[in-house]
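The same subunit A turns up in both complexes below, where it pairs with subunit B and then with subunit C.
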Partner chain A sequence: MRKLTTPFIVLSAMMFLSAPWIINATRYESTMGLVQKVFYFHFPSAILFMTAAVICGINSVRVLFWKNKQADVWALSAAELGFLFGALTLVTGPLWARKAWGVWWVWDPRLTLSLVLWMIFGAYLLLRQYGGPGSDRLAAGMALFGMANVPFIYVSVNVWRTLHPMTSVVPTLPYDMGAALWFCFTAFTMLFIALLNLRASLEFQRLRVEELYLAEDEA
Partner chain B sequence: MSNFLRVAWTVMRKDLTVEVRSREILLTTLFFAVSVVLVFSFALVREGRAPDDVAAGILWVAISFSGTLAMGRTFERERYNDTLRALILAPADRPAIYAGKLLGLLLLLALVEIVLVPLVGLLFAAPIFSFPFQLTLLLIMGTLGFAAVGTLFAAMLSRVRSRDTLLPVLLYPITVPVMIAGVRGTAALFQPEPDQAMAQFWIFGLIFWDAVFVTLALWTFEPVMTE
Partner chain C sequence: MRLLRVMTMVLVLGTVPATAQPQPPKGFVPAEEVPASEQIPAINLVAAAYGFVWIAMLGYVWSIARRLRTVESELAALESRKR
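Up next, the complex of A and B:
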């Protein structure tokens, strides 16, 4: 996985540079027009937002039940990325909503639960930052509650009649829109993996430095 | 199973015995809850008339604020007297200890709510007696969901620095679904034309989230309390 970091950064940078032309080449959606194009960034960041919550949650289970130290690093890295991609989702969503629904925000189940998940990530990071010793296990417990939210965010639009478009929209897109969407999705995913790797290796190095420092202290 | 219940019962009785002797948590929580409601009443009630539809929100804000205070205290007391370690060392199921703590907290909060609900009814002209059964169910289920998460996090935070600031920071984002369900359900009962079907819907929502939260809390209490 680590070896992929550099190629993924280069590739995703190139894809992000060419994305404006590809998105521009897609057809205009009949009712929304130009604003619909924010969807090509909204959808990937939303999916990765939820993926981050799942990665964070699964690694937290490993921390809690198997006392896996490395998993804690991955959980922290995923949480930081989750907060970032959540912010992207919550910014791009209202840009679209203003045009589609006439308001920036409604308390629709999917929007509410997404905001809740983002706040859980925020609380998780605050806890990691200011909790001091012992906060890692507590944060892991917190991450489980975050992960529990994900399935509800995903199914919310199909279960309740909400304003947010349903998950069934994506497979029914016309070819050019679908292609642009999956192009952006690939770029975002590679960026996510690269950032996750970078953040985790930074944290591993930090832990190593701490270890050496302690060893030096004892000697 | 009977062992689980026995331990839970013992922990709850211990907590309540301590509480009956000192009355510390009950009195402080109750006083705080009443002040919250009074502040809202000073801010919102104009010429004896409260705005419509605020009673439910204020009731739940008061419950969650005062609940946080009570949760922090139950474990602060254990930490202060160094009895948390003893409690964890006891040859008993950890989930049972959690359940006992939760039951004790629920009973305390129920006592607070018995004062709080009539007070909100009085100050904000809320029809609290029109659907007593549904209202009670909403209060029980909402408090359960809130306290289930709160007990878990208060227990975990008892070992962490700056625990007093972190408890609400961690607790409120997670319990938002419960709060929404509680407020919407109660508002449906308090509005001029009560909507029982809506209240029913939110009660089921609460039961659902309670199941999720209690399961997760019982499952994680053991590993997070292990050093």
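Up next, the complex of A and C:
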């Protein structure tokens, strides 16, 4: 997996560079016009934001029940990426909403639950940074709440009345819009995988440094 | 007596013909020209969204690279000391 990091970063950088031309070539949406093009970056960010919550949650289960040190590294890395992709989602969304809905923000279920998930990631990272000994298990418990939030975020637009487009929008996209979306999604996903690997390798090296300091103290 | 007066008033007001009330508009009337205060340039919002994504991504990649360099140099120093 680590061998893929450099090619993934290079490939996703090339895709990000060519994305504006591909997005520009797609047709305008009939009611929203130009601002709908925010969708091509907003949707991948949002999906990876939820993916990060699931990765963090699954690894936190391994931390809580099997005290797996490696899983803790992956959980922490996913939480940091979740915070990043959550910020991208929560910034691009209101920029789109301001034109499409006339307001920056509405307290509708999807937006509110997404904000809650982002705050859970924020709390997780603060806890890991400043919580001291034992904070890894406490943070892992918090990550479970984050993961439990994901299905509610996903189905919220179909279950409750909301201004947000429903999940049926993506499968029914016309060819040009769909192609641009999946192109951007691939670029985002490759970058996500590469960053997750890099962040995890950073944490593994930190663990190695800690081990060496402990060995020095014992000697 | 007072109750009777109130009831009479309610009845009288209730029978006011619907035509006396202000009528809701039958349809939307399109404006000839959108006032400048109501126009939000979409290009600014799209540019801000894409710009933020680019800056955040590049910032995060730079942050990871910087942290990796620091840890790698610390690790190298510790391992050479161990030898």
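General remarks:
By definition in this document, the second predicted complex is superposed on the first by the 219 of 219 C-alpha atoms of A that agree within 3 Å, B and C clash if a C-alpha of one lies under 4 Å from a C-alpha of the other, contacts with A are read in each partner's own complex, and residues count from 1 in each chain.
What we mean here is this: a residue touches a chain if its C-beta (ideal position, glycine included) is under 8 Å from a C-beta of that chain, and two chains touch if they have at least 3 such contacts.
Here the structure is a predicted model, which means the values were calculated and not measured.
Note on subunit A: of its two partners subunit C and subunit B, the one contacting more of its residues is C.
Judged by the touch definition given at the top, the superposed model places A:W105 against neither subunit B nor subunit C. Touch criterion not met for A:W182: it reaches neither subunit B nor subunit C. In the superposition on chain A, A:K37 makes contact with subunit C only, not with subunit B.
When the shared chain is aligned, subunit B comes close enough to touch A:M119, but subunit C does not. In the superposition on chain A, A:L127 makes contact with subunit B only, not with subunit C. With both structures placed on the common chain, the touch criterion links A:L138 to subunit B but leaves subunit C unconnected.
Taken together, the two complexes place no residue of subunit A in contact with both subunit B and subunit C.
Subunit C makes touch with subunit A in their complex at residues 40, 42-43, 45-46, 48-50, 52-54, 56-57, 60-61, 64, 67-68, 71-72, 74-75, 78-79, 81-82.
Looking at the complex, you find that subunit B touches subunit A at residues 149, 152-153, 156-157, 159-162, 165-166, 169-170, 172-174, 176-177, 180, 212-213, 216, 220, 223-224.
Of all residues in subunit A, those touching subunit C in their complex are 9, 16, 20, 33-35, 37-38, 41-42, 45, 84, 87-88, 91-92, 95-96, 98-99, 191, 195, 198-199, 201-202, 205-206, 208-209, 212-213, 215-216.
Those residues of subunit A whose C-beta lies close enough to touch subunit B in the complex are 64-65, 107, 112-113, 116, 119-120, 122-123, 126-127, 130-135, 137-138, 140-142, 144-145, 148.
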